[in-house]
Amino acid sequence: MAQAHDIQKISTEDWDSNNFHDEQEHQKLEDIHTLPASEAQQTTTALDRPKTSNNLTNTRARLGLHPIAPIEEEHDEASHSDLMWPRIRLSLKEPFAEFFGVFILVLFGDGSVAQVLLTTGETTAPGGDGYGDYQSINWGWALGTMLGIYVAGDSGAYLNPAITFTNCILRKLPWRRFPIYFLAQFLGGFCAAGVIYINYINGINAAEGHGIRTVPPSKTATAGIFCTYPASDMTKAGMFFDEFIASMILMFVIFALKDDTNKGSFSASGAWFPLGLFFLIFGIGACFGWQTGYAINLARDFGPRLMSYAVGYGHEVWSAGGYYFWIPMVAPFLGCLFGGLLYDIFIFTGPSPINTPYMGMAKLFKPKQTVQQRLDQQKRDGIV
Amino acid sequence: MAQAHDIQKISTEDWDSNNFHDEQEHQKLEDIHTLPASEAQQTTTALDRPKTSNNLTNTRARLGLHPIAPIEEEHDEASHSDLMWPRIRLSLKEPFAEFFGVFILVLFGDGSVAQVLLTTGETTAPGGDGYGDYQSINWGWALGTMLGIYVAGDSGAYLNPAITFTNCILRKLPWRRFPIYFLAQFLGGFCAAGVIYINYINGINAAEGHGIRTVPPSKTATAGIFCTYPASDMTKAGMFFDEFIASMILMFVIFALKDDTNKGSFSASGAWFPLGLFFLIFGIGACFGWQTGYAINLARDFGPRLMSYAVGYGHEVWSAGGYYFWIPMVAPFLGCLFGGLLYDIFIFTGPSPINTPYMGMAKLFKPKQTVQQRLDQQKRDGIV
Amino acid sequence: MAQAHDIQKISTEDWDSNNFHDEQEHQKLEDIHTLPASEAQQTTTALDRPKTSNNLTNTRARLGLHPIAPIEEEHDEASHSDLMWPRIRLSLKEPFAEFFGVFILVLFGDGSVAQVLLTTGETTAPGGDGYGDYQSINWGWALGTMLGIYVAGDSGAYLNPAITFTNCILRKLPWRRFPIYFLAQFLGGFCAAGVIYINYINGINAAEGHGIRTVPPSKTATAGIFCTYPASDMTKAGMFFDEFIASMILMFVIFALKDDTNKGSFSASGAWFPLGLFFLIFGIGACFGWQTGYAINLARDFGPRLMSYAVGYGHEVWSAGGYYFWIPMVAPFLGCLFGGLLYDIFIFTGPSPINTPYMGMAKLFKPKQTVQQRLDQQKRDGIV
Amino acid sequence: MAQAHDIQKISTEDWDSNNFHDEQEHQKLEDIHTLPASEAQQTTTALDRPKTSNNLTNTRARLGLHPIAPIEEEHDEASHSDLMWPRIRLSLKEPFAEFFGVFILVLFGDGSVAQVLLTTGETTAPGGDGYGDYQSINWGWALGTMLGIYVAGDSGAYLNPAITFTNCILRKLPWRRFPIYFLAQFLGGFCAAGVIYINYINGINAAEGHGIRTVPPSKTATAGIFCTYPASDMTKAGMFFDEFIASMILMFVIFALKDDTNKGSFSASGAWFPLGLFFLIFGIGACFGWQTGYAINLARDFGPRLMSYAVGYGHEVWSAGGYYFWIPMVAPFLGCLFGGLLYDIFIFTGPSPINTPYMGMAKLFKPKQTVQQRLDQQKRDGIV
């Protein structure tokens, strides 16, 4: 977001003016209010603290991260870059945050499915009908996302590669961030599924039998704990459309919640954002959760799917539903992008590729030049 | 609200005083605090930015909107009115916002009904009893409203023509806004119902059979996904009363939540408003949702009803329940107006037609003059 | 609360000091931050606006209300006291607020019971099992209280005579407020029960038969919609204890939520208070709702009970459960007082009768003098 | 937290500088923003109010508490330390707060289990299926924790000895606080279980028979109301792992919610913290509540267990599940510590033993010296 500002400002300013430094100061202050929190601080930091260890800066830049780690100024003690582990942690701060964010998300999400699935109809439970019902699963994923965001923070990645991807295209998150965020998100889901498997292995054995692991539509299948399987009798197009629509809603509403210029949502972009996300994910689960299990997230679906394959659910994790597994990998990217475009086309008035001549399509005609310009700009801002 | 202030201020001020400009400045600042957010900004804008393209202003005025589009000052780049699409978007900003607000509202609301209805008793669901229960529908409509408000913002329209209507009568929202808001709200509901139909067409076919579409009280009816049908054995008066009471509560509580002068609710009028609305809609669904399905909103009921007619549910969508369909079109307007009057009569101390000589009925006796005065005032304020 | 401050301040200040006025100014500012919102404003008002109509002041004082109506300064137009109705409204502002607060509370609460009770087991509902379950009733009462507080505001009465009563004893709410608040609260519950009866009369007839109205333990009883009846096999002591404990928790937690000096809750005393109350009432319903239906409020129980008697449920509304009806009238007062004492004895450090010599019991030995002192003080502050 | 700051500051400052006092002033202001609220105020207080009664200070220090009671300055009237009871209350302020916090927590938690368990399948309930289901129990524990935190406040103890313990190790909460907090927490749980037993004794008699009290897996067992019993067929390792993982998540997310330097959570560390905790506990119950009943807290499990032993549930409260009772006593300590370490190792950048040379292990090699240093530091800060 801020970069677009910069371009416009710079092109209309007199670069020889005496008050250049003041302008820059003012710009930084403004950035702090308009940028996603972490990026804002980093930009400021880049200008203010040239003394940070060059090694660290280089490592982070090579990983695709902002050269300056996003930590509180008062914590940025020299010791942090002198000791080995803190230096590693600083190098990998955002990937660690994304890893643990998805880890928490999938622990709660898969955990809720496991508990409800494995205790279905258990009459010894208080209430006499299992330890939870379908709504518990809605709670699990919704509050898992909320608490995961509290852990991972506001990096533009939001625990979901499809959202990271859309932010790269429409909100100028540097593309170089994508690979390492993606890896961290995937691993978070993979590891959390492993913890859930270990935790509920007794119950899984009781439900399926020792050494037996099956996949829906088997009657005793427990593979649905880890990743999504489509309802029976769905067409491929139906599956794809369901995931696409749910992802579209996800991104559209997140852009609304994050849009400081939208009169209805500006209050949500700060402290209210995680709570808004709770309701959003709860709603997607309650309204679009039946047909494809609302994957809407490669990290939440493919990571645990791979883990379930690793622990022995067999080839069927891929072949079930007519090789359905690729749909929750692909549809969220397209759905999120579409939802983001929808928001930018019809509602957003801030800097977006849509809000430029030819609706941004000039860039399609001169791709090389566009990419170069953007990279140059990012380097000038010191964020890659 | 602000207009009433203006009248009083103006009549007691010396218009020849030297500090007129200061007064006006002060007035503007005050307005920003007392007006609904979007109107406040527009008023300020109207005085500060005379250079905005005349075309845009005229287009918006002709559509019944505030001449100045409600966007952030820093985004109000010339480019916005130079490029074709951004200009269209600026011209239709509020209608677009209302359209997508109702779109999101109905996607979640109708989606939750579809999921619960079509999976009733499905034993393969985790928990063994379908993908949700009646409470999921309460969640769907409540969080749909909440997230819809985050998208649409605080324009006085609130995703519901009956609320727009009441705000026109009691809160001086200009009547010229009504038609285009109404159209946008209706289309939002209409389109969302179409998306839900496409998304759940497999399930609808499975429940009813290919090509068969029925309406309650048919046992396999799926028309209830889209719009409301009354419980059996209801009298017309009972139906009307139920919708009337639910709409009355809706408007009464919204006025309380929006009343900055009410000691209990002032905290709700800002960031808390969407959350308050979540609880309000949840409550109406949990407490007044059985007999008529808590339509309380023409856009949410008539829009999807028309869509269900269009996709083939047949003439019964109109004739069911003894041509019940007009009740959720008419009762919300009367119920909301009554709820608004109740609040203004017994609680509200701010500017309202109630708080004037003869309780505003002077206006009934001199309707022409009253309308003229109000239009004059609105023109002076530059908001029509 | 503020009065206690005043006493201490006054006794340690030099009344002849030149900066008396400044002191007073400062005191007022301080009051605004430490007092319940409405009282704070009134105190300020009493000193600043001596011109308010004497009639109005006298009327309000005779009704037991603060002489100055708690309305926004900018709304306090002369017209408000010149026109008949606005004058009545100003005279009765707090009673109206309490009336409608309880009205909303009971509409949602009784409405949720009606809907769940009358549709129990209805297989045509989406989900196939009625329009809600016991949890819907928890939602209904909890969000009804939350929204009722938004309507009624922070007057110290809190929609419940037992809370008003405890605030009179422990938080220096003037006793003269009690009768009119009590009446308003009672009438609010009475009227709301009437609206619910009219709204659900079809369903009640369907459940019981035309003209038949029964009371638990009748199998088809619908009297439980309106007020509480105890579970079978309860002893009187058990019923009393249950209501007593639930009321104790209610008051204890409300005092915690309202205690600005408590590090954990200070954030709850402002905007968070209604939300905190939602969770509190939900919890009392989920944890103490079985045996006596968590009445914990005379206005919510006796008001609707009288209405149900009026519409024909017969003498059994009083005699059921061994003339149980008096327990939810008496136990909440004792329970709330006990809960309040518990909080003041063990946690509260602010002004309370407990935090005085002999733990306030000096007042027991000199009751006349104590009452006189308090009245004098209140008159000096201009709040009676 | 603040102590670590102090060390760094002090070692880099010129102690002879003239502006020492200003530095100190500034330090105090900073502390108020970075410290847990109560500790911050106490530090300030220690410097500002040397006149507080020495008796009180000594008593509190001997109990292991901060020498200065954490009360509002304006309430710190001499009278508080002159009157006997207020002096006792000041001496025991934090233990009282922890006691009542856990008391409220267990009242709601055990109360919800009691209501659901004792009314399982009761067809006379509205809805026809008991007074709540398993989700009601999730609500009960989650909102009990939330409201308990509102009562007990932000002392670093958080109603759970395992959290107190982890804060002592990783957040420099003085160890001397531990014993009295522990005792208060344990007694809170013990007493609340007694109240629940009295309140539901009719229902327990009805379920089990007079004088009969059994423990799972007995079919009519009611011991599960008070404390947790494992699901059948669990191995000891499985039980331990489940409690360990749930406690790990608890501590990890609490550290994230409390981390002011984490971009995602800083908004949660103030007013949002209790609400965040509601979702956290709800999630642990919905996702990890089946196998061991999510004890995750010695005070919530051992206290009520002892009470259930005292009222006659017999030796089986200890021997059930193969002497399972020690697992919810031990696993939470290890799980919380592990969760805290995980957060500090991978996310936290503030002062933690992890963020020091040799990852804090230098301290392992010189334990005596380390303990001495820490005590010296705490004395210098006046907090022990």
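Quick notes on this structure:
The chains carry the letters A, B, C and D, assigned in the order they are written, with residues numbered from 1 in each.
In the analysis below, contacts are C-beta pairs under 8 Å (C-beta built on N, C-alpha and C of every residue); 3 or more make two chains touch, one makes a residue touch a chain.
A quick map from chain label to UniProt name: A, B, C, D = Glycerol channel.
The structure displayed is predicted, hence computed values, not measured ones.
Any chain that touches chain A (Glycerol channel) and also touches chain D (Glycerol channel) would be listed here, but there is none. The angle needed to superpose chain A (Glycerol channel) on chain B (Glycerol channel) by their Cα atoms is 90 degrees, rounded to the nearest 5.
We define each chain's centre as the mean of its Cα atoms; on that basis chain C (Glycerol channel) and chain D (Glycerol channel) are separated by 32 Å.
Averaged C-alpha coordinates put the centre of chain B (Glycerol channel) at 45 Å from the centre of chain D (Glycerol channel). Those residues of chain B (Glycerol channel) in touch with two or more other chains are numbered 130, 132-133, 135-136, 275. Taken chain by chain, the contacts form a single closed ring in which each chain touches exactly two others. Here the touching chains pair up as A-B, A-D, B-C, C-D.
Those residues of chain C (Glycerol channel) that touch chain D (Glycerol channel) in the shared complex are 5, 8, 113, 116-117, 120-121, 130, 132-138, 216-217, 224, 231, 233-235, 238, 241-242, 245, 249, 252-253, 256-257, 260-265, 267-268, 272, 275-276, 279-280, 282-283, 286-291, 342, 345-347, 349-350, 354-357, 359. The touching residues of chain B (Glycerol channel), when paired with chain A (Glycerol channel) in their complex, are 37-38, 41, 70-72, 74-75, 77, 79-80, 83, 85-86, 89-90, 93, 96-97, 99-101, 104, 107-109, 111-112, 114-115, 118-119, 124-133, 135-136, 139-140, 143-144, 146-147, 149-155, 195, 198-203, 206, 270-271, 274-275, 278.
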